[in-house]
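Each of the two complexes below includes subunit A, the first together with subunit B, the second together with subunit C.
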Partner chain A sequence: MIRVQNASRWYGLVVGINRVSLDLEPGVTGLLGVNGAGKSTLLNLMAGLLQPTAGSVTLGGEPIFANPGALARIGYCPGADRFWEDMTGLEFVAFLGRLSGLSPAEATERAGRALQEVALGDEGGKKIRAMSKGMRQKVKMAQALVHDPQILLLDEPLNGMDPPSRAHAIAAIKRWGEEGRCVLVSSHLLHEVEAMTSRILLLHYGRVLASGEVPQVREAIASRPLKVFLRCADARALASVLIAWPTVASVTFAGDGRNLTVEVSDASDFRARLGALLAEREVGLEILNPLDDNLAAVFSYLVA
Partner chain B sequence: MDSATRALFAFTARRMALSVKGLLFGLMAAFPWGVTLLLRLLVAKGIPVPLGGITLYGMVVFLYVCGFLLPLSTLFFGVGLIADEREGGTLPYLFGRPVPRARLFLVRYAAMSAVIVAGCWASVLGTYVLGVSEAGAGALGREAGTLLLDLGVVGLGALVYGALFAFLGLSLKRPLFAGLLIGFGWENAVAYIPGFLKRLTVLFHLHTLLPHGGGPTGIIQQMLSSTESKTAALLFLIFYGVLFVGLACLVIRRLEAASDQEADA
Partner chain C sequence: MPVFEQGYAPYDGPRRPLSKRWWPVFREEVQPYLRKRRFLFLLILALLPWAWGILLTFFHTQLGDSENVKAFIAELPKVDESLVAVLLGNFYNLFLLTIVSIWVGSGLVARDRRDGTLAVFLGRALGPLQYLWAKGAALGFFLLVFSLLPVLVLVIFQVGLTGEPAWLWEHARVLWGSALFTLLGPFTLVLFLLALSSMGRSPRLVGLTFFGIVFLGPAACGILYAITRSPLVWFPSIFTQLKALAELCLGAEVHPGEPGLILPPAATLCFFALLAASSVLVLAARFRGRAVLK
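For the complex of A and B:
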């Protein structure tokens, strides 16, 4: 699919992205980063709207920039809230469908379907200038979808949507990923990305800081021991066993004396040892919950 | 013609015609009708006017349409052909679709030319009917050859000026100023200077092709004292048109839809 190899993009002296390499695989990938991290630059490069200053961005071995063959397989939802305002949502999506080679009838039919897919439905007949921010976002998503592309690049698609629309959009994005499309979604909101996928690509100052499944990324952050919450009948006895393990950095008691927070330097080793311990003897373990292998923790550890 | 080409042509032409620029262009195209009507009213009231009939019509085509309406309309539509989409933030929608860049430019250029030619022809035709019919309905038929030549020259002028300004719009960051300098500085100043330099203008060749040199007024005859043959003028204009369209096609292939870091802001 899309392969980015050592791609850099500079705007004069300002770095957009710097030596980024990645392969966009089928399924949903969350693209994370603070403002100015290079998310939109990366998406624009992958959508064939920008050329890399160095390196390459290819689809099936062919450069994407200004390449109709590649662009036919990509659907791009830009981040900017820009439209031809005097068109209706349906006209807008159908027009862009026709530019993708659909016949007039097919474009109108597919545009209607794409608008249904993003839950805009009949409201797609409104002039875009009369639409709310959330509805405009849906129109942008629909135009990315109208020609049934294999690759979807969505730049902050949930901005301005109300909670029900967000939930619907998240479900739709997950569905597109499950259908086998390669979906790359950028967002500032970690819980939204977490609801869509566990696979992330974290950009910071134009470089890829981390990529992969969130738990794997978390484990790879060696400088921050993983925090695990345990609740068991005899916390003291369990703590005395755990503290002897080389993988356990600290054990803290909390609450009513049945709660433990354990800092673990090697999560795999800890899981293996704990599994063996539970098989060997009864410790009355009620809850085992990793506290900071979620996206928010990963993000704050890597970026903050 | 495929679906994408037809859609893009209709879209571009409609947006240009229905824009503020389109409205102003329409008003400017209709301006000579008002002047011609006013002069005919004055004549009808017995007030003597210095110009009328085919002479007035010839001056309108020569001075107003070729010297003002054509360069101004092609300048404003031409420089904005792609730049307007870029400024409006809608260029990613066009460049993100599987339409070859050169075709995208050519279709938009064709749509722009169609709008400008239609407006300029309406201006010429209306002035012809209102002005020449002063001498009776028979005069309309007698001068039909002149009218057809004028329409051809105006059409060719729209194509060449359109190509020039579209190329400037694609190549320069602030093309309007450069376009004004070329359209109303270089073109008008150099076209009347003796020597070869005037052949580097579009206006000089358009004037050579216009049939009004042999008209009844000495003023136009003097202004059109060109030693260039009509064939040479035609070839120069075709060369300029092809050159600027070709250059524009080359430039647009490398043009980026989002070229500033504001994308990440």
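For the complex of A and C:
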């Protein structure tokens, strides 16, 4: 729905993002990157708060920047606190609902429901000034949701939340994605992103380094063979077979001699060959576990 | 008991048209001031001279024929262009107008820039023009108390008490002159304060800057006037220009009989045109086609 085409944003001589192209699809996408990678810049461009220096950012073919029609379909949860502190959480969210075109009664009702959605029900009546960091985060999430947008852009929404609130927020974000909304969530915490989605967009120095499902991305990293852990009754016999395969780069014994760590250059070829082998011979395979096709490994291989 | 869907229900009800979304901002800007007693007291103070104007109308229309007070009342000013010029352009009215301008106007945009809420508002289907309109309307609403609003009340009392609608035709300038004064004076100040407020993040600093421009400006002009004796040195003084504008619009002197600092009408019109144009330029530079964030 949101299409970014060759978009660049420069801050004077400093590059925010550089020739980024992507399509934001329905469902949850995790936006990853180290500090200064350009995550917030990309979110601000998509939220229409920044104009691309070059390229375009469109929603349904229309530019987002300075386009109220497009902005009405977007809910943005900024990373920094942006409140009228003298209002209560409910008042603030309802006020922004009214700005988005809801009637006062409807805005108040939906603000209450949005606050419930992010687990801030009754505490939404507190003045924002008196709220903790986690509660403020929830207010920010609720204000992004109050006008029922199709697109949700969440800039580090879980910062400052306690563990139960995080779990609740993660479940809510997953649900929004399952409802068909396009949800883009930036975070530094890989395990939290992994809990929400397996689809990622990895930014580095303002450029898209990788995008797609984590296993696909992992397989595409040709310079780093995939590590697979195997445990079987006769590890030596299995190793002697595996080492002959062209896709196996190395085999290492570990532990009590029944454990193997295999480095594989082509995971799909390895899986096909192993499947055939298991069908052909009894090797007593007990455990088959890829060690580094998770988000943390992908992130460290690509960024570190 | 059935288990109901507890998920988030998409909203499919009516939405306010885009063109009317400025209203919540205007309301949120105005309401807090209407709850402040000190602010309301200031507005009441501003209306006191106008209450005197209404009393004058009452004296002339209801007691003017009474033999006991006839001579006394005959000496009192009548409600006409001269009285309205005095009420609009006197120091008391302009001073309170300035205080309210600072109180309400200094934080109009600066507060949103300081709190970061400008990005939240403008990221919500609210165009910069609507946003500025809402903010300007809030200040303009209060400045009406120092300009057109009390004039209208005075005129209503005048016509109501005399029962002579013809008064309106005879003194039409009271109405159109006041409207012109409001448009060129207070409303230009609204633009100026919006521009000034959009340049800073600290409402206090914006307020102090405006205070300095309004009150220290005349002091500097006074020193220059003492040296040069040219009335044109008063050109940049907002106070002097507002007074001159009241005289120009109503066609009467604010301080009749006193030797005034006479600025040419063209200079006054030129001043407000320049003030409005520069404010619009600043606002256009800061809002039109510019990213909300830098």
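We take it that the second predicted complex is superposed on the first by the 304 of 304 C-alpha atoms of A that agree within 3 Å, B and C clash if a C-alpha of one lies under 4 Å from a C-alpha of the other, contacts with A are read in each partner's own complex, and residues count from 1 in each chain.
By definition in this document, a contact is a pair of C-beta atoms (placed from the backbone, for glycine too) under 8 Å apart; a residue touches a chain by one contact, two chains touch by 3 or more.
Only a predicted model underlies this, so the values are computations on that prediction, with no experimental measurement involved.
Student: Under the superposition described at the top, does placing subunit B and subunit C together on subunit A give a clash or a fit?
Tutor: clash
Student: Contacts for A:Gly36 in the overlay, against subunit B (first) and subunit C (second): which applies, first, second, both or neither?
Tutor: The first partner, subunit B, only.
Student: In the overlay, answer first, second, both or neither for which of subunit B and subunit C A:Trp84 touches.
Tutor: A:Trp84 contacts both subunit B and subunit C.
Student: Determine, under the contact definition given at the top, whether A:Ala47 touches first (subunit B), second (subunit C), both, or neither.
Tutor: A:Ala47 sits against subunit B and subunit C alike.
Student: Could you tell me if A:Phe299 is touching subunit B, subunit C, both of them or neither one (first, second, both, neither)?
Tutor: neither
Student: Return first, second, both or neither, reflecting whether A:Trp245 touches subunit B, subunit C, both chains, or no partner chain.
Tutor: Neither partner.
Student: So in the superposed three-chain picture, is A:Phe270 touching just subunit B, just subunit C, both, or none of them (first/second/both/neither)?
Tutor: neither
Student: Out of 3-11, 39-47 or 165-173, where does subunit C collide with subunit B after the chain A superposition?
Tutor: Stretch flagged for C-alpha clashes with subunit B: 39-47.
Student: If I apply the document's touch criterion, which positions on subunit A are contacted by subunit B in one structure and by subunit C in the other?
Tutor: 11, 44, 47-51, 66, 68-69, 71-72, 74, 76, 78, 80, 82-84, 95-96, 98-103, 143
Student: Please give the residue numbers of subunit A that touch subunit B in the complex, ascending.
Tutor: 11, 14, 16, 35-41, 44, 47-51, 66, 68-69, 71-72, 74, 76, 78-80, 82-84, 95-96, 98-104, 107, 143
Student: Which part of subunit A faces subunit C closely enough to touch in the complex?
Tutor: 11, 44, 47-51, 65-66, 68-69, 71-72, 74, 76, 78, 80-86, 95-96, 98-103, 106, 110, 113-114, 117, 143, 145, 147-148, 175-176, 179
Student: In their complex, what parts of subunit B are in touch with subunit A?
Tutor: 2-4, 6-8, 11, 15, 88-90, 92-101, 253-254, 256-261, 263-265
Student: Which residues of subunit C touch subunit A in the complex?
Tutor: Within the complex, subunit C touches subunit A at residues 7-11, 13-18, 21, 24-25, 28, 32, 115-117, 119-128, 289-294.
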